[in-house]
Every structure is written in structure tokens, then in C-alpha cells.
Amino acid sequence: METLSLNQATTIVDAALATARESACAPLSVAVLDAGGHLVAFKREDNSGILRPQIAQAKAWGALGMGIGSRALAQRAEAAPAFFAALTDISAGRIVPVAGGVLIRDSDDHVIGAVGVSGDHPEKDEVCAAAGIARAGLKADVG
Amino acid sequence: METLSLNQATTIVDAALATARESACAPLSVAVLDAGGHLVAFKREDNSGILRPQIAQAKAWGALGMGIGSRALAQRAEAAPAFFAALTDISAGRIVPVAGGVLIRDSDDHVIGAVGVSGDHPEKDEVCAAAGIARAGLKADVG
Amino acid sequence: METLSLNQATTIVDAALATARESACAPLSVAVLDAGGHLVAFKREDNSGILRPQIAQAKAWGALGMGIGSRALAQRAEAAPAFFAALTDISAGRIVPVAGGVLIRDSDDHVIGAVGVSGDHPEKDEVCAAAGIARAGLKADVG
Amino acid sequence: METLSLNQATTIVDAALATARESACAPLSVAVLDAGGHLVAFKREDNSGILRPQIAQAKAWGALGMGIGSRALAQRAEAAPAFFAALTDISAGRIVPVAGGVLIRDSDDHVIGAVGVSGDHPEKDEVCAAAGIARAGLKADVG
């Protein structure tokens, strides 16, 4: 299994933000976590809200925690709200069920990390996350 | 009252995972707790998500905490969501209302522990948990 | 970098406990974490105390968190007690500075996980942890 | 008062890491927080431990929290250990009294943020943090 490098994570963050500027997104926060859920690289654009760092990380962490993208987590949360209320406590607030948390897979389809983007509509956040992963030559799994 | 031994817990974990492999489950995490809610044995299969250890333990802990299997807890959570939201905080995130947490009873019907399984659909998780308990010559109480 | 498998983790736990029995240790708890600090395999022997699961995991997690074995952490904690008091809060109680947490390195010297053992004197705990890692054909780094 | 921009924060992180490579530091984690204590930019080098993100942020947050660099906090912690034990709880683990957390001041000497560096000896961490701030044309206040 490949290990996500800082170089790759930096590429992902910068490409996600470049995509955000090209598509006139609201100010974003972008977090890249390794397979163990630990922060590797992060940027918060000027005027991106002060809870955005936690939300971006929680989108990515939740994807890693459950093994599916946060868009799929959002769908499951609608169907099972009590289960997801419990998950937020079990994970000590490290999971958030809304699109914008995307798994990073290597060429062998192993999960090597996740990207979380927060600041605009979840669908636009997700597009930026996936674009960043693609720029790094890795596979985006939106779930 | 019988005390759950490490030998019994080991049998339960290994038999639950053997059942999982025979029935082509997704990668699972299996936790066995004693009557006091403390971990005795645990295994996480390769590629089982990083929140699965906590979920498996919370399925088992919640069953012990309320004295019924986590499938029954899920039904109660649907009927009383605010109560279960409070329970997750009261228990500091050690309870999750979804099937897959099964009480272990001895020959006198005393609860001597619980098994939690997480990774596939809750119903399949529960089948693996119950199979593990049966292999150890104990009674599975799904709630 | 190699990924620690459940098979390897199981070998480590069982060999650590076999060593404990051969050397007449007190009842032990043994936890194996992957490189991200997430539980892979765990066993608690009969009559091992109810806080032992957390201590064993914290020995291993602290070693991963700081990148050195917990014996070295214990030495640093003596020299800088306020720093270590802060670390316990920063890590939300997932670190403990006492011998018995040993890093697992692969053939390329990459850290692929850690073992934590608790229940006897820290030095004896450490011997069992290192023996478990050796049995799995991996390198024990006591710090 | 100037507001710390993402551009400035990015310069600080990259210059701190460039300094680290020129001076053969161990793998580092570097966090830049704004005046409100919220993350703006972060990078963790390959093989930097999994608790380093929290430590780097806590060095910077503690500096902001008390209004002095974390080297000065370390000296105070030695003189008043019980007070600092309380501070770690009051701050919910967001403060750590050890060198490497440096205040960022603008041309009017207002505090506009802080940098935290973790991974090598605290003194070397601090040198990298201060170098990063200087490269951005801002004033480093080590406390």
C-alpha cells in the first residue's frame, strides 16, 4: 500500500483551491488526512469561517472512519438519524455526514487518505476535493 | 454467575470472523466485553474502517448498558430519538443503537458479557456475533 | 511501506501472552495498533484489571504519537513533567509515559504500528511486547 | 490591525520547513493560527508522528491563549506546575508549555497569529518557526 506523502497532499490542497477560484466558490477550507485519519496538509482561505477547519477535517475523517465518502454518509444519516447522532459522540465529534469528504485511493484501490472541503454548497465542495485528488494522479472515491 | 474467560472470548471472536468469511461479509471488527463493559478480546480485519473498533465496542457496551441487544435499542431509538441522543452523551459515546450488539448469557441466563460486530449491514453483523457466541457454548440474546 | 495485517497482529498478541506465561507474569492486557493508532488486535487475560485495556492502548498510542517507545517517553516525562501533563490532555488521554509501549518497524525501518502491554512491572511488560513483535518477524523498537 | 492572510501563512509554513531541511531537523509539523486561534495553514512532513499536528497547534494556541511565546510558558510551567495542569484542562488540551510556539506581530506590534512547530528539539523547532515568520516580513515574538 502506498503512503500519502506531503507532496501529494500539498498538490491536492492547492489544486482543490485553484478549482474553487476558477469556479467562484465561497472561501473554502481544505484538509488532507492520511489513512489513519491524521492531518497532513491544510489551508483555509481568507474569510472562511472559524469552524471550517473542524468541518473539513470531520468530512475527511468520517469518510475514513466508515470507509465511504461523506456524500454516502449523508444519505445513510437521513435513513438512520439516531445511529448518526451516536456516531458523532462515539467519534468525539470527528465525523460529519455531508458531501465534501472524499476518499483517496491509490492505483491498487487501497484507501491512502481522504480530503475534506468546507465553505460552499456540499456538492461544490465535493467537486473541488475530487479535482484536487485527480491533479495528484490519485483516484477520488466520493462514495 | 459465570465469568467470561479470555478463552471463551477468543473463541467468540474467531468464530464470528470465520462466519463472516464463509458468508462473504465486508471486512469486520469484532469486540467482546465482559459483564462490566470492559474489553476482553478484539480483532479488526484488514481494510475495516478506522471507526469500526469504536462502533463494535459501542454496540456491545450499549447492549450491556441497557440490558438488551442493540437491535432492540435501534427500535427504541426510532420511537424516542431525544432519549437516545441524551444516552449517547450520558454514556460519553459508548452506546450506538443499531443491530450487531448481542448479549452473552450463561446456562443460568445471567448476562456475562456482550459481543459487538461492525463492518457489514447490521443484520449480517448480528448473525456473525450470534454465531460466535454459539460456538463458545453460550447463549446469544439479540434483544 | 508495509501495512500491519491482522495475521501479524494476532501473532504478536499471542506470542506476547505466551512469553508472559513462560515468565510467570501477572495477568496482562496486550494491544496492537496500526500506524494510524487504531486497534487491530487485543486480548486481556483473566483477572487483568479493568483499566488495563486503556493503559495498554495508551502505551502503544503514545509511542506512535511521539515516534519513540514509551520507555523513552517515561524518561522525557521525568525531565519535563508539565509538558507531559499537557500531552495527556492534548491527546485526550491516549498517551501514558511508562515502559511497555514498543514501536513495530518493518524491514525498511518504517513504523507500521505499536504494541502496548500492561499488567506487570513495565520492564516485564516491555519484554513481552518485544517478544511478540520478534515472533512476527518484525523489528521491536523500545525507544 | 492587520489580518493574517492565507498567503502569509503559506509563506511561513513553507519557509519554516525550508529552514528545517537546511538544518537537518527531524521530520516536522508546522501550524499557523490566526489571532483567534483558528488554523490557517498546516503541513506535516513524511514520518512526523501522529500526535505532532496537535502538539504544533497547541504550541501556537497556548502562545495566543496567554499572550506570550511557548518558551516563556515553559519557564512559567516549571515555576507553577499546578497552575499549568489546570490550564491544560481549562483549555481542553489546546495548550502545551514547551518552546516552538511563536507569536506573529505586525508592523504595529499587534499579535495577528502564532506559529507552532513540533518534531525536533524545542529550540530547533523555535528557530524554524521564527525563520518562517521573518520570511513573511512579520515579527517573531518568542516570548
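As written, the chains take the letters A, B, C and D, and residue 1 is the first residue of each chain.
What we mean here is this: a residue touches a chain if its C-beta (ideal position, glycine included) is under 8 Å from a C-beta of that chain, and two chains touch if they have at least 3 such contacts.
Just so it is clear, the model here is predicted, and its values are computed rather than measured.
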(request) Sharing over half of the contact pairs with C-D by residue number is what counts; pick that pair out of A-D, A-B or A-C. (result) A-B
(request) Would you mind reporting the rotation angle for the C-alpha fit of chain C onto chain D, rounded to the nearest 5 degrees? (result) 85
(message) Under the over-half criterion for shared residue numbers, do copies chain A and chain D use the same patch or different patches to meet?
(response) same
(message) When I count C-beta pairs in contact, which pair ends up with more: A-B or B-C?
(response) A-B
(request) Determine the centre-to-centre distance between chain A and chain B, using the mean Cα coordinates as centres, and give it in whole Å. (result) 30
(message) With centres defined as the mean C-alpha position, give me the chain B-chain C separation in Å.
(response) 25
(message) Multi-chain contacts only, two chains or more: what residues does chain C have there?
(response) 3, 35-38, 92
(request) Pull out all the chain pairs that touch, please. (result) A-B, A-C, A-D, B-C, C-D
(message) Please output the residues of chain A touching chain C within their complex, sorted ascending.
(response) 1, 3, 34-38, 92
(request) Enumerate the contact residues on chain B facing chain C in the complex. (result) 3, 5-6, 9-10, 36, 38-46, 50, 53
(message) For the complex, give me every residue of chain A touching chain B.
(response) 35-37, 62, 64-67, 80-83, 85-92, 95, 110-111
(message) Help me check something: in the complex, which residues belonging to chain B touch chain A?
(response) 47-52, 54-55, 58, 74, 77-78, 81, 84-85, 88-89, 91-98
